[in-house]
Structure formats: structure tokens, C-alpha cells
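Each of the next two complexes has chain A plus one more chain, namely chain B in the first and chain C in the second.
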Partner chain A sequence: MTGLALRHIGKTFGQTRVLHDVSLEAGDGEFVVLLGPSGCGKSTLLRIIAGLERQTGGSVSIGGRCVDDVPPSERDIAMVFQHYALYPHFTVRENLAFGLKIRREPTPVIEERLAETASLLDIDNLLDRRPKELSGGQRQRVAMGRAIVRKPALFLFDEPLSNLDARLRASMRVELKKLHRRLGTTMVYVTHDQAEAMTLGHTIAIMNHGRIQQTGRPDRIYQEPGNPFVAGFIGNPPMNLFEGSYRLHPRDLEFRVGDLTVRIPFQAHDLVGTESGTATLGIRPEDVTFDPPGPRHVAIAGTIDLIENLGGDAVVYLTVKGQSLAARTVPGLRQHAGESVTAHWPMNALHLFINEHRVPLPSS
Partner chain B sequence: MSPARGTTGWGMVLPALAFVAFFSLYPAIDSFLLSLYSEFPGPEPAFIGFGNYAELVQDPVAHQAFIVTLGFVLLSTTLELVLGTGLALVIHERFMGRGVVRAAVLIPWAIPTVVASQMWRFLLNDQYGAVNAILFGDRVDAYVPWLADPWMAFGAIVLADVWKTSSFAGLLILAGLQVIPDETYDAARIDGATAWQRFWHITFPLLKPALLTALLFRTIDAFRVFDLVFVMTQGGPGDATQVIQFYGYKTLFTEGRVGYGTTISVTVFVATAMLSLFYIRTAGSKLLQREPA
Partner chain C sequence: MTNRPALLGGMLLAVLGSLCPFLWFVLTSFKSQIQVEAIPPTWWPDGSLAFYTSALVEHRLFHYVRNSVVVAGATTIIVLAVATPAAYALARLRLPGKAWILGGLLCVAMFPPIVMAGPVWQILERLGGLNTHWGLVLPYVSLSLPLAVWILTVFFQELPFELEEAARIDGCTTWQTLSKVLLPLATPGLFTAAILTFIYAWNEFFFALLILTNPDQQTLPVGIALFQGEFTMPWGEIAAASVVATLPLIIVVLLFQRGIINGLSAGAVKG
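Right, the complex of A and B next:
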């Protein structure tokens, strides 16, 4: 068993509290992604798992063993850093072998592991070069090689692809996925890039302000975001979120923001507490269409502000009843910027949040 | 470049060029010319070509002065680099009061050499010096005449120089330490390197450019040492601490041998220039290149 368990991790730097009661589990062989905006504490959490930082509270277990007092080198982990952290004065071969030499592995073992790793990552021809003679992508491979060569129980990745250009990032993402399938080792991966998180992770933990906002499978997080932050963070363009007020009626819920009013079929008992209050209503841009509306659709007239044609699809920004709304649709909309259009969406595509929590709607 | 822009460009660099020409180039050339005369060039200058240089090659006092200078350079530079590295490693760490420690470390370097030398002369004075008082207290008969013994006087000028300039070497080395990314150390920690292994395999190799810079500055400075000797020992006892610059000064100003004294100065100038060129040739290319992040 080589999973990871974090229990009630807290961390303060001086007066600043950067992690609040973070608990997370990763099963054996699982690929867990910590996703969040800059400064949310995800890298600090990773460094705590690595043992490079000491948590202020809580405990870290790797493979069922509490490692709170175990130094990084004895946690059976390997880490790939954002800026690669290759040893600039060593050749690629020396970079890969350094950890094994320090651990006094016999030379034949080092040679064998080196050859194995180099061929796995296709860096055989780079072994005698120094890091400065390598491209960004090659350095990234070497950094991964340095982690793989040690055969650790747990891999930690700290935004490893963020320094690569978009094309290389996409191809490295695919390779990383294949690598994980091949190695079958538990991996914890920190990123602020939701595409990386959605494509790589078995599980995503979304973080903000030092707290885990939601943990779950990528598709589940996308379809059922637990709070407005997660709803707005996952998805591109982000979910349209309207902050307004609600009032409960016998058979439905009336949501109102400015001149926009939406009545959503709703059973009162689903809502704990009050008859009325503030709420956030969300609709994903891809759920907004301009086709003739079907049954149980909300239809609202608006004016197009801007159309972004992205080739395969187009993003239409419009104003409906004083509110901004983004819609993702196929290119070729007949109307142009400045013209009126009727936008609509199926009722069951709405997301409702009250008191920062998702409220399940009967139809969704 | 258009003629107008060319004129503006020249106008801007001209003051600096004039400054360098007047204060550096002219004295250097004039000194060299002066070294070709036996006397101060008067109405009838005694031009003797490289006669003074021939004399210098055969002068046993100059040989002794060269040996003392080399000994001083080797010993003081080595100690300064070792201590400077230690200081840099300490003040690079994060701890309470680091700012105060950093400032304190730099104080010796900020004190003018003449003042520092005078202070050491007082401290090492055989009758009322603090060193004897601390070491021997009331046992006046045990007091050591530090600056009267050839070896101890030599040790004293080395000590004073090391005390004064280790922090400068430390500052240069600190700059070198600060460009080594923390991630590199994190990687080494995860790789299992102990503190000593991290120093030996990571810090030291990556610090080489900074160490070479410090070595370059310190060697050249130590080679030209003058004021320390002038104030503390006047080259004595005997010729024990007579460094080459001091010998040149004595020849020129005490003995009035302008041509020969200038020859010594020109020789020191050429030696340090060659030393600089050697360093820049061997280490310069490495100093100028930076590892990409």
C-alpha cells in the first residue's frame, strides 16, 4: 500500500495562515491533482508532503506510515519542480545518477536504472549534455527522469509543465498520462491549469485560500461544482454566475438579479432555512444556445456585445437584461455584434448556490 | 547612425574618456617614461633606457620584497576566501537579527585602511596594547613585542588585512550564493544529500564563479598592499614586512630615486595587469556566462 493520507493539515508562516485543516487521500496508484489559483496554498501542501516544509498541525502518511518526523530523503518520494531544478554543473547522466550515488547504490544498478529511464523518456542521446545545452522540453524530461530513476513510492509534481509553450505542454501532458499508466505509481500533481487537471487526474482537489473547496472525479466536479468558486474556476470560458436574491414559492423558486427573473421548479423542503435570501445562479456557456428553444427552456432576449471565433467554436458575449452572459456555440451565428438575439438554456442545466453551497435542483 | 546622433554620442562619452585619459592613461604613460631615466628629468635628463629594470632584476632587496609580497598575497587571499565563504554561508541563512549581523560583518570593510591599521598597531603595541593586556594581564614581563618579531610582524599585517577584507570577499561570495535557486537545494535534499554533501556537490561548484571574482579582486588588492605596512610596521623589523609597493615608495620618496622608484611602481602595475588578464582569460568566460533558469 503506497497511498497518501493528509489529515487536518494546517500551516502558518508567521502571522499568515496559508493552509486550513486540509484533509486528502490518494489511493495506491491514483493520480491526484491539486488545482487552484496562484497563492492558494497548493505548492505549500506539496512541499509539506515532500517534507521540505513542516506543517503547523495535522499529519502526513505515506504508504500507511506517518512521516511527520521523516526527512524528505527517507519518505520514498521523488519530486519534479516547476523550474526543473536540474544541477547545472552536472551532465544529464550525472543529474540522473546523483540521487542513486548519494544512496550508495552499486554501480551496475545505477547503470541499469539509467539506461532504463533514458530509454523510457527517450533521452539516451542527451546523457552527456549539460542542462544549459537542452531545450525546455528536454530539461523537463530529464527532471522527470531524475524522479523516475529512483523508483519512488510517490511522485510529486509542482507545476512541471508551466514553463513550456502551449504545444509542448499538450504533448507532455499526454506523455505524462502514458507514463503514469506504465509506472502505476501514486502521483500528486500541482497545477493552476484546469486543462491539465481535467485530463490527468483521477481525482481533483480544488483549493482556494488554503482550503480544499471540493474533491472528486474531474467530470463530477465539472458537472456538479460544490460552490460558486469551483463553478467559476472550472470551465473555459468560466461559468456565468449571477449573484442575486431568491424567494420560495409553493412550487418553484424565483431568482432575481436586476431586471432578470428566472423561475426554477423547486421543492421547498430541499432548501434548509429561509424563505428568501441571497443566492448565486450559474449557467455554463456551452449550455446557452441560440437554437429554437425546447420544452423547459429559459428564453431571454439580449444584445450581442462581441463574438470571438475560435475556429472550432465561437464564444458570444451578450447582455441580457443588464447582465453579462457568455455563450459557447458553433461558429456561423447569423447575428452580429450590436444585434438582438434570443438566448436560452435548458432548465436542468442551471446551477444554484445558496450560502456558498450547491443546492441540488430536482431536474438536474 | 546619423552624423548628428554620432556627435551626440561622442559628446556623451567624451567627459568619461577625458577623465580616464587624464587621470589614468597619462599618469601610466608618464610613469613608464619616467622609469626610463636615472634622475628626475631636468634640463639634462639622464635617459638610460631599461637600465632601471636591469637593476631591479638584480636587486636583492627587491627580490626579498617580492617574496614578502607573494607570501602576503598567498596567505591573506587564502584566509580571506575561506573566512569569506564561511561568513557568506552564515549571513545567507535566515535567522533572527540577520540584518544586524550583515551590517556588523561589513563594518571592518567600511573602516578606512589607515584607521584600521592604526587600530591594529595600538592593539598589538608591546607596552600598552590590548592584545598583551588580554593575554597576559599584569604579567608585564610576559608581554610580547608583536611588531618587533619578523614572523609575528608579518603575521600581524596578514591578520589585519584578513580582519578588514574578509567581509568584502564574503559579500562577493554572498552574491554568488543568492543566485543558486532554492529549488536546487530542495532537489538535493529529496535526492538524499546531507548538509555537507549539498555544500560539496552543489554550493561549492556553483559558487566557483563568485569565488573566482573574489580571488581576482583580493589577489590584485593584496599585491598592491601599501597603507597597512606603512602604518603598522614601516616595512620592519628589518625588511621582514617590506612589500614591493612600500619598497617603491621608500626608494622614490625617502631616497629620492625617482627613476628607480617609478620602475618598481610600473613593475607592480604590469604584474597586476598581467594577473588580471590571466584571470580573465582562464576564468573570465565562466564569470560572464550565467546558467539559464
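Right, the complex of A and C next:
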């Protein structure tokens, strides 16, 4: 059974089109992350799933039932908002019980669910406090509790961790993952934080300009980004992308940007229709090394501009043949800023994009 | 930092300045007739309650208090009942020309009453509203609605929209969202609107004088003004009556002030 199915969702606000033909499926119990920069339409999509916003085209099904004309309260969903949206005039207990009371659940059921949720989230000792007496992390727990207590078929999260500091965010991320494993409910999670997306999601849907750019498993999206946007969005520091031109030769493809020329072993491919044109070449910073090259490596001399030591690893920014390049490496590089160095990368770590599409390169 | 004694002095001066007339008529109300007319004036009263007895018994003061309570109370209730949904709609719905509606309301609130006196009188005469309480409540409601709508609109606008959405997902109808979530959070706004409306209706003199000519219906301000005879000016009774007229206002404000503070302290929405 499908947990959630979005079919050809479109949305316009006045003259502005914010969603274009978005289709997405989430299996029962799956954790789907909508990831994208701010303004990409991911929150609007979540609000359409919740029924808080009406789509201009397409349809939404939850648990196999079309819910286009169903109000939010009857969609069997619960939502955790970015600013928690706890009722300030209620205690934690009343906040948790409110949805059940409105639905006229019998008191023993409410009490039982309340106790269950409170112990699950470890908020038993907070039940008689009001939201303003809680810390950010505690409010976050209560907000999740309010969603869990209703036992919905689908959880929706709208950037729930974005108001927390980095440390708390990391620990809440772990808890959220455990929580999902325990509950086994379908979850849709909106975020602009790629670390959250990579760690939480079974499936990530990357959005930009109101379109889904790529959907897939986190590792797959990382290893085989479908277009330059995804390539540049996933990874930290982002992938080095060079926009230049290509020319096909019988056995290889020559890529050129400024003074930098790279020849890549290449076999003819459907995606490359013409002999030459513009292309984008990408290399992840973690694939760039300063060790002596192995076979089928590209080696280019450059100058170090800056070294950022992050403790566990270091990011080296350098200029090679007039192009900026970032490399992630272990700290302790012998050279310093201003000195020359030779950067290497394996040929099979390159990513090539032509006409905004990934062109598979033969693996070595 | 700043000069504290000077600030304190300025504050005291302002408070004393505004309290002075009030203190003077409180003192006067406890004087005897001889003390009131004495030249040079005596400051400290001898504690006589003669003026109170006279105001309450001879001038039927409680009768006017009752009329004022009815008129001001009804005005406040009706204004809140109408202004709350109106303000909610103005704060939340995507209405065409919303700025014009709010601007128009402000214009109405700035109309000088004298401009409306003739038409209001004629309308009420046709409707049979002269010398009735509802005939007075009607213009009071229309004159105090704009301010109440403005105050409440601002309060509703400041409440986070997420709360309403959370309530909708929790299963609330629009009415439940308003009554269980938004109104409790807008209490400071409700109290402010209520106090201002009540004070306006309690003190209003012009329309009350125009519409109510029958002493049985008259409200406090008109009643007190008419204490004065053709050749007499009963200062003592007027002072006593003014004290009695002001007390309910002070009580109402103190009561509502607690509500305002409670409402404010409950308002913390996000962290």
C-alpha cells in the first residue's frame, strides 16, 4: 500500500507559479525528505499534502484515498511546525490532549495515549508546564508529542529542527530517526539542511524552482547527481563545478574551461547529440587529493589560496589554471597558503553534465 | 545612565497634574456648604457626608448610575460581539480593498459628533428611539466600533498563523479555532477594546443630552450636568456625584488591568 502519492501537483499564487507538475510517492512507513533551498516550493508542497493549501492542479492520495476535497482534520495526518505552534495558553498536557478532545475521544483513551506519548518522548515531568516555561528542545519534543499522540497515518514535518542550535539539532536528528523506527509511520520531512536529509531520509526529493530535480536514495543522489543543481546542492563543501565546452573525439571527450583542459575516456552516448557544445564538469572536494597519483588520475598543478582546518579534516581552496577548486583532505598538508601544489583526482570520480543532464562516464 | 531624580520628578509632576482636579472634587465632596463657599478656600474637609446624602437621595444619583451601567454595558457587549469577528476577518482573510476598509473605519472614528447630530436625531425620531436606551446605544456602538475593530485587528494580526493551522489539523472548526485558540490569546486586545468602549460610553455627554430629554432615561453625565438649578450651582452635590460616577470606572479599569497583564504573560508564542 502507498503511504502517500502526489500526482502532477501544480500550484500558482496569482501570476506566480510555485509548483510545476510535481509527482512523488512514499511507500507505507517510508521516510521521505523534501530538500531544497528556501523558496523552492517544498513547504508549499507539504502544506498541500496537509490540506492547508489547495493545489491548482493534480491530486493527493493518502493511504490509497484521494484527499483533494478532504479538510486537513480528516486527512489522518499530523504536522510539526517550524515554530512549534504550541498553544501558549495551554499546559503541555492540554496541548497534547487538545486534538483528541476536539475529536471527542473518551477520557480513558486520552489519558492512556498521553501517558504513552509522554514516556516515549521523555516529557513526563513537563506535563504541567506552559510552553513559555520550556526550552527550545523541550518545545520541539512537545510539538512532536502533539503529533504522535493522535496516531496519524502520515506525519508532516516543516523544518522542525531549524530553530535549534547545532548540537541540539544533531541529537534531535538521532532521536527522530529512532522515533521513526519505533512508530513505523510514513513521514514527509521538509528541510534545507542536507545533513538532516542525508541522515533521516530513505528517499530524498531535491527541489528547485518548484520542480523535483531528482528523487532517490541519499547515497545514490550523492554518488550520481542527475544535474548540476543537485551536484552543487548535495555535499559539503559543494562539488567543484566547471562550466565550459566539450568536443568529441573518437575515443575521448575533451573538456575545456579557460586554460584547463581535461580529456576523459568516452564512448558515444545518446545524451550527447552533437560533436561539441557546452558542458559542466564536476569533481567532489573529497575526491581531490595531493598524494602521488595512481593510474588514470588527472594531475594538475595549482596554488593554495586558503586552508581551513576543521579538526578532523581540512578544506584546501586552490587555483588551478585560473579556476577555483576546493579539496577536502586530512589536516597536515606540508604546503601552506601561497605555495604551489599538485592536485590529483581519479578519472572515474568526474561527473559530466551536458544539457543539464548527467552523462554516464565509463567506470575505470 | 539618565538622570533618575529628574525623571522621577517629571513623573510625579505629570501624575499630580492630572490627579489635581480629581483630588479637588474628592476633597470638596466631603466639605460642608460653608467650607465650599469660604474665601480664601479651605483645603481640608471636615468629613461631612451631607453632599452624598443629598446627591443620592434628592438628586436620584443611583438612578443615573443604573442608566449609565445599562447603556455603557450594552454598548461594550455589542461592540465586542461585532468587532471580534470583523477584526478576525480583516486580519486573516484575503479581502479585496482591505486597506480601504480599515482606512474608512478610521475616517468614521474621526467624524466630529456635531456633524452627525441632526441626522442621528432624525433617524432616531423616525425609529422611535428618542428617549430610549437603545436609541443611545445605537450611535454609541457605531461610533466606538472603528476603534475596537482597529485594536482587535492589530492583535489578531500579531498572533502566529501557524497556531490556527495547528488547530485546523487538530480538528477545530473555524468557530472552535476562534473561541478556543485565538480569543484566549487575544484577551489583552479584548480587554483594551472593552475598557476604551466602556469609558467612552460612560462619559459621553453630547449624544446623551441630545437623545435623552426624559430624566427617567438620562445617564450620569447628563444627570450631573442638570443638577444645576436656574439660580443655584450645587458644587458639593456635583463633586459627590462625580466621585460616585468615577468609582465604577476605576473599578472596571483595575479589574480589566489584571486581565490585560494575565493575557500578556500568557502570550509568549515562540522561543
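Simple rule for what comes next: the second predicted complex is superposed on the first by the 357 of 364 C-alpha atoms of A that agree within 3 Å, B and C clash if a C-alpha of one lies under 4 Å from a C-alpha of the other, contacts with A are read in each partner's own complex, and residues count from 1 in each chain.
Following the convention adopted for this analysis, a contact is a pair of C-beta atoms (placed from the backbone, for glycine too) under 8 Å apart; a residue touches a chain by one contact, two chains touch by 3 or more.
Keep in mind the model is a prediction, meaning the values are calculated, not measured.
Colleague: Will chain C clash with chain B on chain A after the two structures are superposed, or do they fit?
Modeller: Clash: chain B and chain C overlap once superposed on chain A.
Colleague: Examine A:72 and indicate which partner it touches, taking first as chain B and second as chain C; both and neither are also allowed.
Modeller: both
Colleague: For A:167 in the superposed arrangement: first (chain B), second (chain C), both or neither?
Modeller: Neither: A:167 stays clear of chain B and chain C.
Colleague: In the superposed arrangement, does A:334 touch chain B (first), chain C (second), both or neither?
Modeller: Neither partner.
Colleague: Once the two structures are superposed, pull the chain A residues common to the chain B and chain C interfaces.
Modeller: Residues 50, 52, 71-73, 77-79, 81-85, 87-89, 98-99, 102-103, 131-132, 146, 150, which sit in both footprints.
Colleague: Quick check: in the complex, which residue numbers of chain A touch chain B?
Modeller: Those in contact with chain B are residues 47, 50, 52, 71-74, 77-79, 81-89, 98-99, 102-103, 131-132, 146, 150.
Colleague: Contact residues on chain B for chain A in the complex?
Modeller: Of all residues in chain B, those touching chain A are 181, 183-184, 186-193, 197, 201-202, 205-206, 291-293.
Colleague: Residues of chain C touching chain A in their complex?
Modeller: So the residues of chain C touching chain A come out as 160, 162-163, 165-172, 176, 180-181, 184-185, 266-271.
Colleague: Once bound in the complex, which stretches of chain A touch chain C?
Modeller: 50, 52, 71-73, 77-79, 81-85, 87-89, 98-99, 102-103, 130-132, 134-136, 139, 146, 150, 163
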